[in-house]
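Next come the structures, one after another.
In the two complexes that follow, chain A is the common piece, with chain B as its partner first and chain C second.
On to the complex of A and B.
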């Protein structure tokens, strides 16, 4: 039943790919043969070749440079979103799980309201209220994503709370915040991190998806989803316009998923 | 890992089904079957023999609400079903249509129309002066038509006999004939179209006109089927049905042409993205038809924005944009706001800015903007010279690329443009109501609405209703003067001054002069452009081989 994708070789490859992405993203223009925003109307829609590795788009911009520049717009925000989401959900989940009773009920019903709607739908609705734009997409994804973690974290806290060492800590006078930070959080952290890494690929897809729908990144941003949208009109005449950004979205999502799977099997997360 | 694999698998299946459903479901043109079962079986028999011609359109034609005296539905279907008293021939010229001749008193307050005899509506009843009076009074009773001159100034309509209509106005009405020639809402409808018959405020029942087509079936957001009007007086009625199929996505229209789901697409009613034309060039299965147009694309300027209130900035934008590279260089040389084909536009009355990025920068610096080398753009008091440009791509797919090229050109003169691509309804809301834009890509109207009607609807400024596009006292004064004379030379002289004023104040950014472009299957013969863009093709002359 269990397909073994997460072998050591694939995990290594995935890690290498992610490392390369991050380096290319951070060093940015260093690796880009052309300015990703520089237009050249005389070199429009060139197919992939020696001068332009991935070809050029309808404004004559170098696609390879744009795909590289897109890392900053398509992958990095995911980390920020996840940081925000995990802070919100860990705080809520821990308070809810640790204190229980009324507060727990209140927090859980708030969480249920957010989990009642599918993530994607909720994201689109929130963008509908906030307006089009990348910042709003980040906010919308964060708002629609945190709730699903809260339940899981709450469950973990429940389990850990009953462990002898937590009881021991409480008996020896450690209360509330201190217990949570020093004894509970370190013990649930591996599972939380695994869960988050497993979701990176989903958020990448959502982020690009929003741009592909035209409600995320706006031109001339080289966000991958937006580039995919640009490529749509040229799918018959210049298929490379959509192919390379699409390939990058696919590979990146796969790489994070493979790493997540590895962690999942290690920490026995369901 | 399996879970991921499974979800990917399911996603691929879902996509696959979605795609195949799109392409196969509507492929059998339901128009043929529907029309065969419609009201007159005997006459429909022969139509069933020849296959329907399928036209891809961007939006639903609202075939069940196509009241001639309203703005419901698509203009193109209005023009196919209903005819006007006079026909617009381009360049401000008019030709007889339902009215064989007409005259106006020199003071422009009384117009007399002599109707053509022997014209029948699609239900067989005769066109009479009573029907004309009914149609115009019904239009006047519609509150949406209030801005029309005919409605504002109408006093009474007399019908001394069955073929004479006399319209009296409260004051001089100079735009009446042009308004009457438009696709709506002043075209002539049979009194039997409403219930009770002939009641000006009657409930609309059925579209009955004298045009070459009548509506036989309508499925909301799917298609409208038009059958030939066998009583059509001008030329022999067609032997085909027309199916106006709604295909909202521009790419889907291209695909529909390629796989034979549609026979014709293009023009304003079913825009084919220009970047896709190479797919049909040198292809024996398709023919590309092009024809001059009167429409221009331009940018509306929000003069209340702090930077755009400065004339130098508006001029700089005009000097910094290069229209020649827009739309793959397919556009003609853009000068003023209006194309040379528009009435009252002459070779000498369209001053223009041309492409001079250096002058643009000088103008900005003259206005106190300072170059910020880090950001590579101009600033004033620490505020970036950044402008928000609103566009829509549902009806005008080429605007995105146009906006991006413009964005790039503005970057070169130190202006940052943020593009906001809005969905169709919210775009129009932004234009007419919320006005939350700095620049907004828009189009001029067409044909008889140019230039006066277009200018008055966007630039006429009163205290109660401020002008939509640009508020200028002088311009409004000129528009008043034009409305107050029916002498063409006098109007021409005022238009000359008006065009100059618009240019000097840089009230708009002219972008592109459109051409009408249609693509059709080479099985379709007899494609002929008609005289106005709202009725772009003489559909009844088309024939389809198998």
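On to the complex of A and C.
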């Protein structure tokens, strides 16, 4: 089943965009024409032009530089969150799926408690009590995401476990950990990675969404969602303030979504 | 049916109880003492007797399990406490804000279903048609569009550049147009995709082929064979997407300054008004658990083979 959208050209474009994003994020200050935090009252609310590509905000800060600086705050944490979450859930899911029986039941009822709660509610409750800020948003997102993966990974392990090559390995004397690492993990990896990449865009949207709601990154952070919130208040005076950060969130999420869709059709995931 | 309903009800109560424990635990992990925070605003935090009086008034001087039980019995009597900030009852504050939020959610559901049922089933029946390819391409874009950005763009287009609709407040039907539109656009992409995959999956069932082989016309075949069997996943889709709609409503209320629960909740998070956060999250959780319960009952009514252990998808 090949649909025309996930062609190689769009996937290449998406990969290039992601690569550019990562380079700009790592070498941040190098590409930024202005200091993203420096205010300049003589040049406030300038529309996009030659000097300021994306215009300037109400404090005269260069929006283009701020958008570039925002990569570190809006995109990189997603990788860290997903890395932490996937390690935890791969370990839990594999143990649960491989050993089964009582341990499985125990672990599954623990994850059930988390999956019963909707992500958003968990996030709001955690932030509501522990306070506004990016660290608590990371905590909340990780807490609400891991259980979902454990279930999926457990299911995958369950299927792979019955394959002849796993049985063969066990018959030839391979024990728990080595079977899991050498025979099961490599076989579930493609699906797990696809799942993770498909979720990158959702986590980017959630992260920026929290900042947009004012409970994540706080000004003067150049987090895209926080910038969008600023932009909302200037919608009549300076619409570009809201347009560009939002566009970046959209493009980034889209790039990851395209790559994820490609992988999904390759590995026949639901 | 009754046995199923009752055994499923215990699970509902258990999840609710666990949630109250979770909320209570979080509340006590929260940094900062609410009494001192509040009294600081009045400049009275240094006066130990005032602090003690407030702690006694709110029951904060008792042990944790005692506080939990006190709070839980209060909840069972319908008391969600009083707001630290205004001193008004949380129940009343929430009740007065319920209508706009519910209207927003209900109308978004309606518009989403209106858009996605024909498109989702249509593209599923005609896989790989041009319409199918276009909706698929759009759905990749649609799944990555930030709802809040879409709302701002709609505001810009229809509120600022072409001032057709109000962009702030609530009160008239016109105030609902933009938020409902934004939510429905974003949710429709997900709904279309799911409905398409249900249609593709179910139209391959042997009984559909058999009915086709008997020469049944589409007009009879689809409603009485295909759509009927798709009812179970459809109910799950509608039921399990409530949190997503609620989340979208929170975002919309904040963008369009809608006086609903979502806006209230966020305002009070910023003011650290714990009883309000507690009350709101408990009511929302109860609504979500109850809806899950009703969804499960609906399944059972539609398809009695369904067991308790049936896994629901994660939204």
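Throughout what follows, the second predicted complex is superposed on the first by the 266 of 270 C-alpha atoms of A that agree within 3 Å, B and C clash if a C-alpha of one lies under 4 Å from a C-alpha of the other, contacts with A are read in each partner's own complex, and residues count from 1 in each chain.
Following the convention adopted for this analysis, a residue touches a chain if its C-beta (ideal position, glycine included) is under 8 Å from a C-beta of that chain, and two chains touch if they have at least 3 such contacts.
Given the structure is predicted, the values throughout are model-derived calculations rather than measurements.
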{"item": "Clash or fit, chain B versus chain C on superposed chain A", "value": "clash"}
{"item": "Partner chain in contact with A:22 - chain B first, chain C second, else both or neither", "value": "neither"}
{"item": "Touched partner set for A:13, first chain B, second chain C, both or neither", "value": "neither"}
{"item": "Partner chain(s) touched by A:113 [first = chain B, second = chain C, both, neither]", "value": "second"}
{"item": "Per-residue touch tally on chain A - higher for chain B or for chain C", "value": "C"}
{"item": "Contacts of A:232 with chain B and chain C, given as first, second, both or neither", "value": "both"}
{"item": "Partner chain in contact with A:58 - chain B first, chain C second, else both or neither", "value": "first"}
{"item": "Which superposed partner A:257 touches (first chain B, second chain C, both, neither)", "value": "both"}
{"item": "First (chain B), second (chain C), both or neither touched by A:214", "value": "both"}
{"item": "Partner chain(s) touched by A:169 [first = chain B, second = chain C, both, neither]", "value": "neither"}
{"item": "First, second, both or neither for A:126, with chain B first and chain C second", "value": "second"}
{"item": "Chain B clash site on chain C (candidates 185-193, 221-229, 275-283 or 293-301)", "value": "185-193"}
{"item": "Doubly contacted chain A residues - partners chain C and chain B", "value": "1, 3-6, 132, 214, 232, 235-236, 257-258, 261"}
{"item": "Complex contacts: residues of chain B adjacent to chain A", "value": "1-2, 4-5, 250-251, 254, 273, 275-276, 278-279, 325, 328, 393, 397, 400-401, 403-405, 407-408, 411, 418-422"}
{"item": "Complex interface listing, chain A residues touching chain C", "value": "1, 3-6, 113, 115-121, 124-132, 148, 151, 201, 205, 208-209, 212-215, 225, 228, 231-232, 235-236, 239, 242-243, 246-247, 249-250, 253-254, 256-258, 261, 270"}
{"item": "Residues of chain C that touch chain A when the two form their complex", "value": "15, 18-19, 22-23, 26-27, 29-32, 128, 132-133, 136-137, 140-141, 143-149, 152-153, 155-156, 159-160, 167, 197, 243-244, 246-247, 250-251, 254-255, 265-266, 268-270, 272, 274, 277, 281, 284-285, 288-289, 292, 311, 314-315"}
{"item": "Contact footprint of chain B on chain A as seen in their complex", "value": "1-6, 37, 39, 41, 44, 58-59, 132, 214, 218-220, 232-237, 257-258, 261"}
